[in-house]
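One chain, subunit A, appears in both complexes that follow, with subunit B as partner in the first and subunit C in the second.
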Partner chain A sequence: MALRGKVAVIDLTKGEITKNSIPEKLRRLYLGGRGLQAYLIYNHLKPGADPLGPDNVLVTSAGLLTGTMAPAAARSQWGGKSPVTGAIASSNMGGFFGSELKFAGFEHLVVKGASKKPVYLWVHDDEIEIRDASHLWGKDTFETQQIIREELGDEDIKIGCIGIAGENLVRLANFRTGPKDAAGRTGTGCIAGSKKLKAVAVRGNLGLRLAHPQKALEYAKEAIDKIMMTKVAKAMGVDGTSYIWNVTNTSGLLEWMNAQTNKFPFGDWHNMTIERFHEEYSVGIAACFNCTVHCRHQFRLKEGALVGAFGEGPEYNTQTAFGTFGLDNWGDMLLGWHLANLYGIDTTGWCNAVRGCMELYQRGIIDKKVTGGLDLSWSNAKELTPKLLQLTAKNEGFGAIVGQGPLGIIKELSKYSDKIDYYILHCKGLGKLGNVDRVQPSFSLGIATSTRGADHLRSRPALDHYHLPEDVLEKLYGGYVSSDFTSYDGKARMVRWHELTYAVVDSIGTCKFQTVFFSPNLPCYEEWCKYLLYNAGLEFTPEELFDIGERVYTLERMINQREAGHTRKDDYPPERSFKEGLPYGLGPVKGKHLVRKKYEKMLDEYYELHGWDKDGIPTSGTLKWLELDQEPSHII
Partner chain B sequence: MQKTIVVDYAKCTGCRLCETVCSLFNEGEINPQLARIKIIRWEWDGVQIPTICQQCDDAPCLAVCPVGALHRNKALGCVSVNYGKCIGCKVCVSACPFGAMSYDFKNNRVIKCELCDGDPMCVKFCETKAVQYVDMSMVAVPKKRDLGLRILTEVSKSEAP
Partner chain C sequence: MTFTALPARKQPRDRVLRCLNCLARMDIPAKADRFACPRCKMEYEIGWRAGQAKILGLTHYFED
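Then we have the complex of A and B:
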């Protein structure tokens, strides 16, 4: 085993730190990153722990191959028990934090307990110090990183930190690194805040020894050349993820005004295109660690409260988040995005919460008495956004309701109507993004069964939109899958395949954007086997990796069952997707919504493929063959 | 004719793949601290600049070395270190105006770019061509072409209906 990253367990209550090496047995079962993190959460989290209490854990992980020659192996992963959903917290980010954690000699940090006063971790060359962070409390996510660099005297220190939202125990608070990246979803920043952990600073000179350095170099070149030949790599290098937006917008696949319509209802949508961003705000494009695709936009705000401020982003998801409730131009969207980044708030989650509340306001279910005087009209989005973001970050006024995410909002506002749950769009308590799901059964099933709640990054079957020949689909998925994106046929197979596949990708630590996620011509299992062999000296077959995906996904499912009691009832998209047809769009989408009977059948097929029973519980036979019947095994 | 590495700062995306492949090729491990090329970042302004040995014609490192451990590699034209002679005094590190002479803290010796035996890894892996290995006669040509392209873009913009 060439890579020797350790697992450190840091008890902030006692101030104790223990370090363990990772046994090869666990490597073969879980790889690293998200996989081994699920193992660490299941083993170290006290069952039934309060997400905001000292018994919760915050686990920071680098992928098994993060920092190596595997292309775009930059990812780090953050998790625990989610303050937003009560189920697994699990969020993945790019940037330079993960590789630096590896260079510092560690792969996973398990933070337990809680400190009495603000602290940060200084992780460097096999050492970990718990340092005072009193002077960092109250600082935004940009300032915090720079102050740490200056006080430790090294501009190359990489930092994951929370903003004031995390400090104030806002459930939608996230972890951030650099100017751009965020482990955005499921409230990891809130867990850190509850532990009084402001930041994790990493720096390393230890270096990574590879199993076969020459082969790793040669194969990386071959793989990169193949990746850069694809159209999607070229498009991403110019427009980033926003290259999709024009297509989804004009084809009626975006949900505006909290999914009430799928046709742009504000101003002129041309003001929101990536072309307009390039003309007016772009100042360059950058890359994460070891990535040749470079999809990180760089911008400067040129008007408003933060004129002149530099930031990175936006993403497609910025447009589908801030854009879909009335910010109809880049200046307003970027200001919202940048403020959320400074405060450390999940933009997808926050915008989902605001959209839902705006519809409640539109319908007269809540009014200014409830919102503390805030005007939640769609036409007031520009005025509202900075105000409500600030209130959210401070956990004050109506912001204290919005910042809790779907479950908290439903609890707080249900006294005004029994329909709140219908208008706050979520799965498993995590807010839904602004994409239409109801005409694409694979997308609906994916966000509904996602182990972290409504989110596309657990299984997004983008290929479903490409109308690929069915023999190509059959070869990829190992069985019949319809090439019609509105069909239910074979989509259970498709979703389960993507779930397992992305679990593997997140465990290895490469970026999803350089995988089959976007194109069948991008790296997949055969390539990953070579990455693992040449870099880590680990020999796997594609089938073995696929089985690891099933193990990781099923273990996450077990965490959700243990902590949140999730069963079949939690595997449905928002009710609206079954009831309301899309008002606009071309023939295949107009007037369409999900059909419950077909969805139920698809869900049955999905469970069967996973080896779970009709209620979505893994069978004893499944647990046995996945070796999950021995968990929690407490090996580390 | 000999070749040299040319840097175009504006093209660098800051991915640091050059640091990775440089250290792996030259040190046998991935360790950006031991890479001969380094990306300097001003993260809060979105600026990233590759720094690397310029293989100066009148090289200060070579001139100040008290034991003659640095010499001109005739085949490649770069300044090379003779580790048999190097005493690790680091005077060359002080003299280099670019910070391109580094110190290998693992093996206690100075290190610098020696062009990977004529096939520089940083160039090979740089997707945006922010670092290029070009014939000496061509040193300024890529920049001239870029300028031409910029002018062309401006002209076509002003002539657009």
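Then we have the complex of A and C:
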């Protein structure tokens, strides 16, 4: 078979490493990346394992096509059992780590057990070494990467690592690579910290054996032409994902002050736009591996504690996150973002936790006695952010509460009120991002049913906002879908379609932003079949890929049921989305909230489309059809 | 190897936006910095990126 790519199992308790090739049967069932990772988690994770114990696994995966000529095939995927939610940990990142892992001869690293002392993995040309990392413990994520490159004598080494947050077992800790990219959500950095794994360094000169290199090259050209002709490619190439902020802010689709209002309450919204970032902070824009769109902002801090520091990003989601609790300008937001990156903290999750606690403070449910003297007023966000980020990273004081994420916060603070769960906005224990969901049923359903908890990257139906002709929608989704984003009609079909599609994309390893995520004119199943054929020599039909998406999504669901007991009760957006209408917004938005009866019907339709029962459990027929009835099969 | 789409990058619908209030399509005049939707009259601040029109915000942000 074309392409290299083995699975290595690294037992840090025993110091043992085993390497396995990937059987073609598993390729055809799961592709690679997120798909095969779900298989490896289900098979290697001891059922009921403590997320911070040695029985948890940390699985690092490159996509099946990562490192090939498929456009934007840059992604890597990190997973295990989440210390934040107790369900699946699953997070996907760009950059150059995934492609380098492939060039070094590996596609998946399954890290088991736990080391007694800090270590890092040195992965290079079919070899893996477990090396001492005592001298790296306590270093930030930028410094860690530089020290490893210097000691191994190669500036082209790519490194995934944790910061002090991961070392200190902060549940919101992430795994990072380069100056920007992060497997940000679900606490992958905390898992690494529990194993005393500081970093994974990769460098490869093995190359990839493409099945049909000339055809792969020619088709890449055709696909890139198609991608670059879309309006969104130009928008992304100039403004990055922050181009979305202007649209959502204008519509009233951003939630400020923990979703109490959808009108920017902290001054002049112009200070928050990407145009202001360009004027004051931008020093360039870069790309991930094999990407022609280049949406990674580069900046230099002009003031504050880290003046002169260089960084990349942020994305729209982080721009939104830091703004929602009171940072009202790019200088303060970039400082917060950069500090979080140095410490290795998930910015989306941390900002969600902070704004929830700030509302509790606003309502008098908690006070300075609880916060250790911290002023959690909205007007104090600028002073609060660096202090609380540092406390979080050290797992000290009130930071030790915030850093646990929603479930930990609710557990710690419920003694002060029985309404904590109402104000800490989450689904399945993962903090909600700062976008309004309650007027867009498809978005609400998507974040609620997402296998990793409240998150848009598992199913976001951005096309729902484009008001596309319904015949176009019907052709894409295979059935009726309303073109009105506030409607419930057909939205279960839409969400399920995006869930399966993104599961396929994450398994292949290409960037979601170069798929139907943003435009119906971007690559989809037909194109992916050609990517797979020319690069990997694997022949699939679009229908077969769609079925793989269903298999991956259902297996993730099975992990959640086994590890966290998830059922229908866990498939709802925060209660606030049902109870409080939006105070502001344009015509389609103002005054709206979710209607429970309609949501329940939509959820029933969603389960039926997946082949799950009324409680959200996959039926025996579905498991058999998807060949999941024999799992765990322990093939590798 | 040449990529035909890269040098041009100017596309026929670069000046077409959709009204976020009534969802009607709007043809934005070149270099305009404000534009009111012909159908619902909602007025927007307009910006430009590499010849592509974009909505920056409302000229009258949500009023109480």
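To be clear about the criterion, the second predicted complex is superposed on the first by the 636 of 636 C-alpha atoms of A that agree within 3 Å, B and C clash if a C-alpha of one lies under 4 Å from a C-alpha of the other, contacts with A are read in each partner's own complex, and residues count from 1 in each chain.
The rule we apply is simple: a residue touches a chain if its C-beta (ideal position, glycine included) is under 8 Å from a C-beta of that chain, and two chains touch if they have at least 3 such contacts.
As the structure is a prediction and not an experimental result, all values here were calculated from the model.
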item	value
Which superposed partner A:G252 touches (first subunit B, second subunit C, both, neither)	second
First, second, both or neither for A:G67, with subunit B first and subunit C second	first
Contacts of A:K234 with subunit B and subunit C, given as first, second, both or neither	second
Which superposed partner A:G585 touches (first subunit B, second subunit C, both, neither)	second
Which superposed partner A:T292 touches (first subunit B, second subunit C, both, neither)	both
Partner chain in contact with A:F103 - subunit B first, subunit C second, else both or neither	first
Which superposed partner A:S21 touches (first subunit B, second subunit C, both, neither)	neither
Touched partner set for A:K221, first subunit B, second subunit C, both or neither	both
Partner chain(s) touched by A:S414 [first = subunit B, second = subunit C, both, neither]	neither
Common ground on subunit A, meaning residues reached by subunit C in one complex and by subunit B in the other	217, 221, 224, 228, 292
Residue ranges of subunit C in contact with subunit A within the complex	1, 3-6, 9, 11, 13-14, 18, 20-23, 40, 42, 44, 47, 49-50, 52, 54-58, 61-62
Contacting residues of subunit A [partner subunit C, same complex]	217, 221, 224-229, 231, 234-235, 237-239, 243, 246-247, 249-252, 263-264, 269-270, 273, 275, 292, 466-467, 584-588
Residues of subunit B touching subunit A in the complex	13-17, 20-21, 23-25, 27-34, 41, 43-46, 48, 105-106, 121, 124-125, 127-128
Subunit A - residues contacting subunit B, complex	67-69, 96, 103, 142, 145-146, 155-156, 178-179, 205-210, 213, 216-217, 220-221, 224, 228, 283-292, 294, 298, 310, 312
